[in-house]
Amino acid sequence: MEQIKIASPKRNGEGIFPFLTAAAAVSMLLLVGAIFLVVLWGAWPALRAFGPAFLFSAVWNPVIDVYGAAPAILGTVITSLLALALAGPLGVGTAIFLSELAPHWLKKPVSFLVELLAAVPSVVYGVWGIFVLVPWMRTGPGLFLESRLGFLPFFQGPSIGVSVLTAGLVLTIMILPTIAAISREVMRAVPQDLREGLFALGATRWEMITRVVLPVSRTGITGALLLALGRAIGEAMAVTMVIGNANVIPVSLLAPAQTAASQVVNEFPEAFGLHLSSLLLLGLLLFMITLLINLVAVWLVYRTDQWSSGARQPGKLKGKGVAGHA
Amino acid sequence: MALDVTIENLSFWFGRQQVLKNVSLRACQKEVTALIGPSGCGKTTLLRCINRLHDLYAGASVAGKILIGEENILDAGTNRVELRRRVGMIFQKPNPFPHLSVFENVASGLRLHGLAYGRSLRERVEACLRKAALWDEVKDFLDRPGALLSGGQQQRLCIARALAIEPEVFLMDEPCASLDPVSTMHIEELIKELQEEYTVIIVTHNMQQAARISRQTAFVLHGELVEAGPTAELFVHARDSRTEAYLTGKMG
Amino acid sequence: MPDTKWRLVKSFVPEAVCRLAALLVISVLFLILYYIFQRGAGVISPAFLTALPTPVGVPGGGIGNALLGSLVMVALGALLAVPCGVAAAVYLDQNPKSRLAAACRFASRVLTGVPSLIVGLFVFTLLVLRTGQYSALAGGIALAVMMMPVITLSAEEMLRLVPNSWREASLALGASKKQTVLRLVLPAAAAGIAVGVMLAVALAAGQTAPVLLTALTSIFWPENLLQPTASLPVLIYTYAISPFADWQQQAWGAALVLVVMVLMLNIAAQLFIAVKNRRG
């Protein structure tokens, strides 16, 4: 037996092919690590110079070469949370409509359009923001808020159009398609027999939505919201174009401010030395935050994915869609 | 309270395709009526007309009458939410709600209709689980997810869930199709007990099962009701040659 | 008996709210597209698409060099990302359950969510800072980083659609794994992989920050890969934030060109998938 040499089929004619494909797979991992290390390397001087104080200092002054990220961090937090607070309910509501309420003939084309709008480049939203939204905010709602609610610190004027609020609105519009498209996808993955199960117990359609569809797709929707939050936090161009780029702690929603991303885009052409390093440190912070958010989001979305494609199969009438009034 | 279900000249269409043609059948209270027939003959559709589950889908249209007691439930004015509380349904694949515990699965209908709270809720859940012969197996796992039970247990959980809101009619769509023989036996025993109190209509592919548990059997073919009669008679002397052919395995 | 009619009414209200939300969202998004078309359409002409930019106040400026620059950098990005991304997908397809595959898949998904600005900073620090030179090459590399995970994920999905029985048949005939992949699996999935590449190209074509930080911009035609190079998104950005009316006008026109390109790629990809699904 031992004399007969059977050519291992694994080796036969394979050459370096398996190693090449494995190397490509490894390169994806290396890429994530490399991004981190390279940006860290660039940010190192600033990190050494300022340490943790970088996070809390509000001074950002290239003349005396002292940099603190508090205004940018606050601006990022406020604009992205504002966007999430507005786009979350609207996007999930749209997804509910597309997945559960819309007439059958409307579902596919509208869902397709929403997905399409998620692909529109951010700079295009920026163009719309700077030429349409900013003037409108200056005259319309901005002025209204300033005159009616100006006594509140966060609606203090003067409303000049470019502001935290405007940036928040542009971000809202940008992340809406993401939230709506992914949420719709995870809701659609809820097996039809679960819907029928609650309907058969005598539920109205809304009761079915709140008691079956939303709880079953909860993790996936959370994932969608997190992905959208990550996108809002990291968005640079559209925000830069409408936020006014003022390096101050944002107090009023109607005043200009900046985010970490907008500050980087705005200042890096003239920056060098410690200034540039500080911008890279902002980028590093951004990277770590979005990486964390994405880790959780991917895990959540991916988990629902596996779970719903598991043992359960959709009911007999899959694809016909819920249409009439239940 | 159990009521007769009387189907009169029922026709049903999905879009232009006619799925049921002029079906008439009476399912008596406190009896099991079995619907048999080859796949795609329309027996499941017939069942889903009785709780108007088809109304959920675009393109479904229906003509004829279905009386539960004296009331025609196909009337435009029928409150479907109320109807479905009165007509329980067991699906082909067990569909316990995966996000709810065993307890909450049984309680889901009660909570939906606000029928019981607190202590009385717990008592009703226990009573239904006992009735579904599941209590002893799950009493220590009431707060575990219902989806973790075995297939047969899941199906009994679904029966307990339907029992909880005290329907008058039980519809069962091949409840044992995805179960092993032992679980099937459990469910069949349960069905025999259910008929003491309810009207039960069951769709089955398994002719032995129909023979074991039903009082009346109806044979459906290509959307038509070929014949219906007492199970014992139908299986021995089928009046229609097509029924004979199906029962002896020469068709479908 | 609790009142089911009341429950039906209670059900109606939030449903109406969802309908309104959908209506609002869809109309706002369409309003934006409408603006882009309405304000941009008047600007576009053959000369606009082919001419070089002109200084402020000089009429006849165009986006020719930016279009060409974008084309060069996206092509360069695809050239780098497609082989690497498809190779990684082949690995995932061949070893679907290995640890490396799980990690690679996870990394790809996470990478698609990393802000493009960070990718720009990465390549900027790695190349531009070292060489002191903004270049189309750096821009292409940045776009490749953006494209690679997208290509890998979609290509893996497409490879998975190739039936296992085919592969087994090929292996049973004595073909090696490599031959099976190269001669059977990849050709069978080629159309699907192309769709993924189209989507990745659409994504890359719209990226502003990574290109801005690596290739900067230029008012000349791109001559070699080692010079600063204009691109459509960067041109849109710089024109839009400029205070000059004629540049702002051109920003609308350029935005329309970009939107049409990106949407066409996406629609083509979706149609491709739809046609393929219909054929089975």
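A, B and C label the chains in the order they appear, each numbered from 1.
Please note the rule applied: a contact is a pair of C-beta atoms (placed from the backbone, for glycine too) under 8 Å apart; a residue touches a chain by one contact, two chains touch by 3 or more.
Since this is a predicted model, take the numbers as computed values, not measurements.
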Original post:
Which chain, with its centre taken as the mean C-alpha position, is closest to the global C-alpha centre?
Top reply: A
**OP:** Would you mind telling me which chain pair, A-B or A-C, is linked by more contacting C-beta pairs?
**Re:** A-C
Original post:
So how far apart, in whole Å, are chain B and chain C when each is placed at the average of its C-alpha atoms?
Top reply: 51
Original post:
Taking each chain's centre as the mean position of its Cα atoms, how many Å separate chain A from chain B?
Top reply: 46
**OP:** Averaging only over C-alpha atoms, locate the centres of chain A and chain C and give their separation in whole Å.
**Re:** 16
**OP:** Name the residues of chain B that each touch 2 or more other chains.
**Re:** 81-82, 85, 113
Original post:
If you look at chain C, which of its residues touch at least two other chains?
Top reply: 4, 7-8
Original post:
By residue number and range, which residues of chain A touch two or more other chains?
Top reply: 202, 204, 207
Original post:
Hey, which residues of chain B end up touching chain C in the complex?
Top reply: 79, 81-82, 85, 113-115
Original post:
In the complex formed with chain B, which residues of chain C make contact?
Top reply: 1-2, 4-5, 7-8
Original post:
Taking the complex as given, what residues does chain A use to touch chain B?
Top reply: 103-104, 191, 193-204, 207, 211-212, 215-216, 218, 312-313, 315-317, 320-326
**OP:** Name, in rising order, each residue of chain B that touches chain A in their complex.
**Re:** 44, 51, 53, 55-60, 80-89, 91-93, 95-99, 108-109, 112-113, 158, 161-162, 165
Subject >> Residues on chain C engaged by chain A in the complex (per definition of touch) >> reply: 4, 7-8, 10-12, 14-15, 17-22, 24-26, 28-29, 32-33, 35-36, 39, 84-85, 87-88, 90-92, 94-95, 100-101, 103-104, 106-111, 113-119, 121-122, 124-126, 129, 145, 148-149, 152, 171, 176-179, 181, 199, 202-203, 205-209, 212-213, 216, 233, 236-237, 240-241, 248, 251-252, 255, 258-259, 262-263, 266-267, 270
